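Each of the next two complexes has subunit A plus one more chain, namely subunit B in the first and subunit C in the second.
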Partner chain A sequence: MFTGFMTNTWIVATLVAIAAGMVGFFVVLRRAAFAAHVLPLGAFPGAAAASLLGVSELAGIVVFSGLGVLGISQLQRWDRREVATALWLAVALALGTLFLSMTSEYAQGVYALLFGEVLGVSSRDLGAVAVLSAITIAMTALLFRPLLLDSLSPELAEAAGAASRSLELAFLAVLALATAMALPVVGALMVFSLMVGPASAARLLTDRPRLALALTIMLSLATVWGSIALSYLSDWPVGFFVGALAGLAYAAGRLGVARQGR
Partner chain B sequence: MTEPAALSVHSLSVSFSGRPILKDVQFEVAGGEFCALIGANGSGKTTLLKAILGLVRPQSGEVRIEAGAGVARIGYVPQKISIDPYLPLRSRDVVALGLDGARWGWLRRSAAREARVQEMLEAVGAVDFADRRVGQLSGGQQQRVLIAHALVRRPRLLLLDEPLANLDVRSTAEIVALLRRLSVQYRTAVLLSAHDMNPLLPVIDRIVYLASCCAVSGKADEVIRTEVLSRLYGYHVDVVRVHGRVVVIAAHEPEEIRAALARDPVHTAQVP
Partner chain C sequence: MYPLELIVPPGFLANEPVRTALIVGAGAAIVSAVVGVFTVMRGQSFAGHALADVSSAGGSAAFLLGISPLLGFLGVAALAAGAMEWADVRDARERDLVTGVMLGVGLGVTALLLYLGTIQGSTSGAAIAVLFGSMFTIPASIVPLAIGVAGVALVAIAVIYRPLLLSSLSADLAQARGARVRRTGLVHALALALAVSLAAMTVGAILSTALLIGPAAAALRFADRPGRALAWAVAIGWAATWGGILLAYDSFYWTPGHGWPVSFFIVALIFIAYLLAGLARWRPRQPALRRPA
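After this line comes the complex of A and B, so read on.
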């Protein structure tokens, strides 16, 4: 499980876990769990389109994640946040249905994209994933203070000169990058569980913002590493372990709250 | 008034999609002055505060903040905000975000910053809950923390939107006394909005009264008068003093209400 072929897998998984943890912290604080579900699911038709056109899957996912960011933020000008988010998913899934109907030998690939296939990360993707994760981590660090202030109160952020609309757009862009990285590994249906599980638990365990972010990343690493190892040993799908460990992390957080007596 | 005005509003008009909210509003707040912005719900108090902050673009008119001081020199406490009880931010983190929360970058830490935050927490009486999650504090406690957040950069002007709404009688009195004291201590001009002027009347230097999209301002006993407010409302109102409290009563329903009642006879029966 640590042989040459698997080394790439561990590196990619580690980068994915760090990026997903950092972004997930703000997904939970900004109450954006629905967007964290919709962006990956709406990006998965991009992979289908890419395979139809014979180009890189990751490129298709990046393009559709980007379209998702533009689509959701444009729709948000006209309608409520969750309605805007849901409408983008409706359109993206419609396209996904169409693309899938055009190919007959795709069932295995679709399954991998929805539920993850960690062993399938090729060395060609490694460079792309490294670049994407560096950008994601840098952008989250750069946006850390304004995003924190905005999750306390958008009005306070706005009054202090951080426009909520620009922050939302920047945040969706970072979310899309993390999505594009995480999707091929943990699967479109499971990306949001990796983002929501560790962060929701970490914020229960500490009231300090920086410590909460560090804990989120640690829990995210534990979730991803644990999922890969268990999947390798048991032959059960990675997605199962990602979701189950996310749930366990939250349960541990609740236990921590109960012990503090609050 | 030798001190320069901390805030001057010149014939400010704001309308949203053709509907006028503020018409030709004009007043000044002198440096260090403690000023109440009074008006009923929906009279445009929040819009006026947002126009002063530069978040609402006026149709005409101008807002001037004391010369040399930009928008960042205004402290702001928004109307009641709802905070996730598990948001990982303690009171002292919220105050620290007042220093540079809108600027890009990582949370910074230094002895000087921590000393400023601590001093501010002491000034607003928030030391006892400085290390508790802000989302789990009571309304009055949250209000103190948000005031510290707004004042930590020592602005020359502090704006508060309905800081007394949702507070019990005791907290209301405490927050009013606190704001008065801070205004003197930091020589900050304060403009706070409220729909009930009574808790504020004993301490304010000036009142800005909003009604029918317009404003009058002056000392409280110059403004809170039957003839002044009747002119402002555009119909007769009575200023009545009962047990040391002031109540403004419309002698008869204004035209709009009577017209609405006439259109909706079911509700007419329910009006006392």
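After this line comes the complex of A and C, so read on.
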């Protein structure tokens, strides 16, 4: 389980877990679970487009993540946040359906992009993921204080000189970056579970932001490592275990809260 | 040659799969539009989308077990809707997260079921069929069941129309006037489950969000009364669905031997309607129907 080609898998998964955990902390704080679901899902047509044009899959995903950020923030000027998010999702997926219909032998590729293919990470992917995750982690650290302030009290953040609108854009950009990094590895649908599950469980366990962030990353790592091990042993898709373990973490947090009677 | 034949190609209406697609598609579009207006007003777009995705787990299970896909979609969607409404009652602030976590679990189960399906070897394209829908492959035998589902959802909405409208605009006001907010919410959630399952069957689990949110959001951009918003949403959704089916059928002639997907055309038409609705909103004030974001 720890030899040869699996080494890459463990390294990449660890990087993804840390970055997704850090971003997920803010996803939960800002109640942006829908955006965290839509950006990865809306980025996967990029991969289909890339295969159509014969360019690198990662480039297509990055471009479509960026388009998603622009699309959602533009639609947000016209409508409520979640309506804007839903509309972008529809548009992106319609394009994805069109691209998919133009390539004939892509069914297996779709499955991998949606549900992940963590067990087959090449050394070339490894470099790209490492760079992207370093940028994501650095940006999250940089934005930590203003984002925290803005999420807890928009008025206070405004007074401190940080405009809510540009922070929302910055937040979406970080989310998109984490998406682009994690998508080819754990799949569009599982990036989302990884962002929401551990962070919402951690938030139930503590009120202190820094402790919650640390807990989120720990839970995220545990989820990813556990999922890979179980997937390796059982041959079942890794996406199933990520979803199930993230759900379990949240359920456990809920139970803990109920016990404390908070 | 009649001028109409330039738009509606000969043989279009005589084609059995096309007729089935037109009937089931119209049913899904109408129900989704009606329910969607309330879903958008109540700020539950995420829940609506999550239900569609979670119900695809039911669709995959149906594939695996060989039972009617609509029953699979429907059963799981109803379960999930009930669970979300329950969580909402317990703690409204948690709704976004509970929805998210449940969506994650549902998608995980979908992944597993699809994987087990491909191992059995029968359904290699199941992932695509379940997620993206396949309008021209709907069996004609499903029509009565689909119409029944659509009818039940519409009747449910009609029965609770007034309290639902009131509680969607202001839950506090509805409570103060003695409306049963919780029961209304639950009925709406179940109607949402019915609408979403039907749409998931036709345009696919993922794109059913377009039918649910798109026409409603477009109508609410310029309609200033609930009744008009409902009528416009139905008109937009219905027109987009039939237009999309027609264009997809026509597209077989544009690019020989290869049609463009129906879902693409339907969403494109809905999105154009949404953009046009923004132009049509000439009034200086925000429409009164929508709560501030």
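Operating definition for what follows: the second predicted complex is superposed on the first by the 262 of 262 C-alpha atoms of A that agree within 3 Å, B and C clash if a C-alpha of one lies under 4 Å from a C-alpha of the other, contacts with A are read in each partner's own complex, and residues count from 1 in each chain.
Convention: a contact is a pair of C-beta atoms (placed from the backbone, for glycine too) under 8 Å apart; a residue touches a chain by one contact, two chains touch by 3 or more.
Since the structure is predicted, the reported quantities are computational estimates derived from the model, not experimental observations.
Chemist: Taking subunit A as the common reference for superposition, should the pair subunit B and subunit C be classed as clashing or as fitting?
Modeler: They fit: once the shared chain is superposed, the two partners occupy separate space.
Chemist: So, A:Pro209: does it touch subunit B (first), subunit C (second), both, or neither?
Modeler: The first partner, subunit B, only.
Chemist: Answer with first, second, both or neither: which of subunit B and subunit C does A:Ala90 touch in the superposed model?
Modeler: The second partner, subunit C, only.
Chemist: Tell me the contact category for A:Ser151 with respect to subunit B and subunit C: first, second, both or neither.
Modeler: first
Chemist: Looking only at contacts as defined up top, I'd like to know whether subunit B or subunit C touches more of subunit A.
Modeler: Touching more of subunit A: C.
Chemist: Taking the superposition as given, does A:Leu143 touch the first partner, subunit B, the second, subunit C, both, or neither?
Modeler: In the superposed model, A:Leu143 contacts subunit B only, not subunit C.
Chemist: Can you give the closest approach of subunit B to subunit C, taken over C-alpha atoms and in whole Å, for the superposition?
Modeler: Superposition on chain A places subunit B and subunit C at a least C-alpha distance of 6 Å.
Chemist: In the superposed arrangement, what residues of subunit A touch both subunit B and subunit C?
Modeler: Residues common to the subunit A contacts of subunit C and of subunit B are 31, listed in rising order.
Chemist: Considering only the defined contacts, which subunit A positions touch subunit B in the complex?
Modeler: 29, 31, 141-146, 148-149, 151-153, 155-162, 202-204, 206-212, 262
Chemist: Spell out the part of subunit C that touches subunit A in their complex, as residue ranges.
Modeler: 40, 43, 45-46, 48-50, 96-97, 99-112, 114-115, 118, 124-125, 127-128, 131-132, 204, 206-207, 209-210, 212-214, 217, 221, 258-261, 263-264, 266-268, 270-271, 274, 278, 290, 293
Chemist: Note which residues of subunit B are touching subunit A in the complex, please.
Modeler: Contact set of subunit B toward subunit A: 53, 55, 71-72, 74, 76, 78-79, 81, 83-84, 86-90, 93-94, 97, 100-107, 131-134, 136, 146, 149.
Chemist: For the complex, give me every residue of subunit A touching subunit C.
Modeler: 28, 31, 33-34, 36-37, 41, 78-83, 85-87, 89-91, 93-95, 97-98, 100-101, 107, 110-111, 114-115, 189-190, 192-193, 196-197, 200, 236-237, 239-244, 246-247, 250
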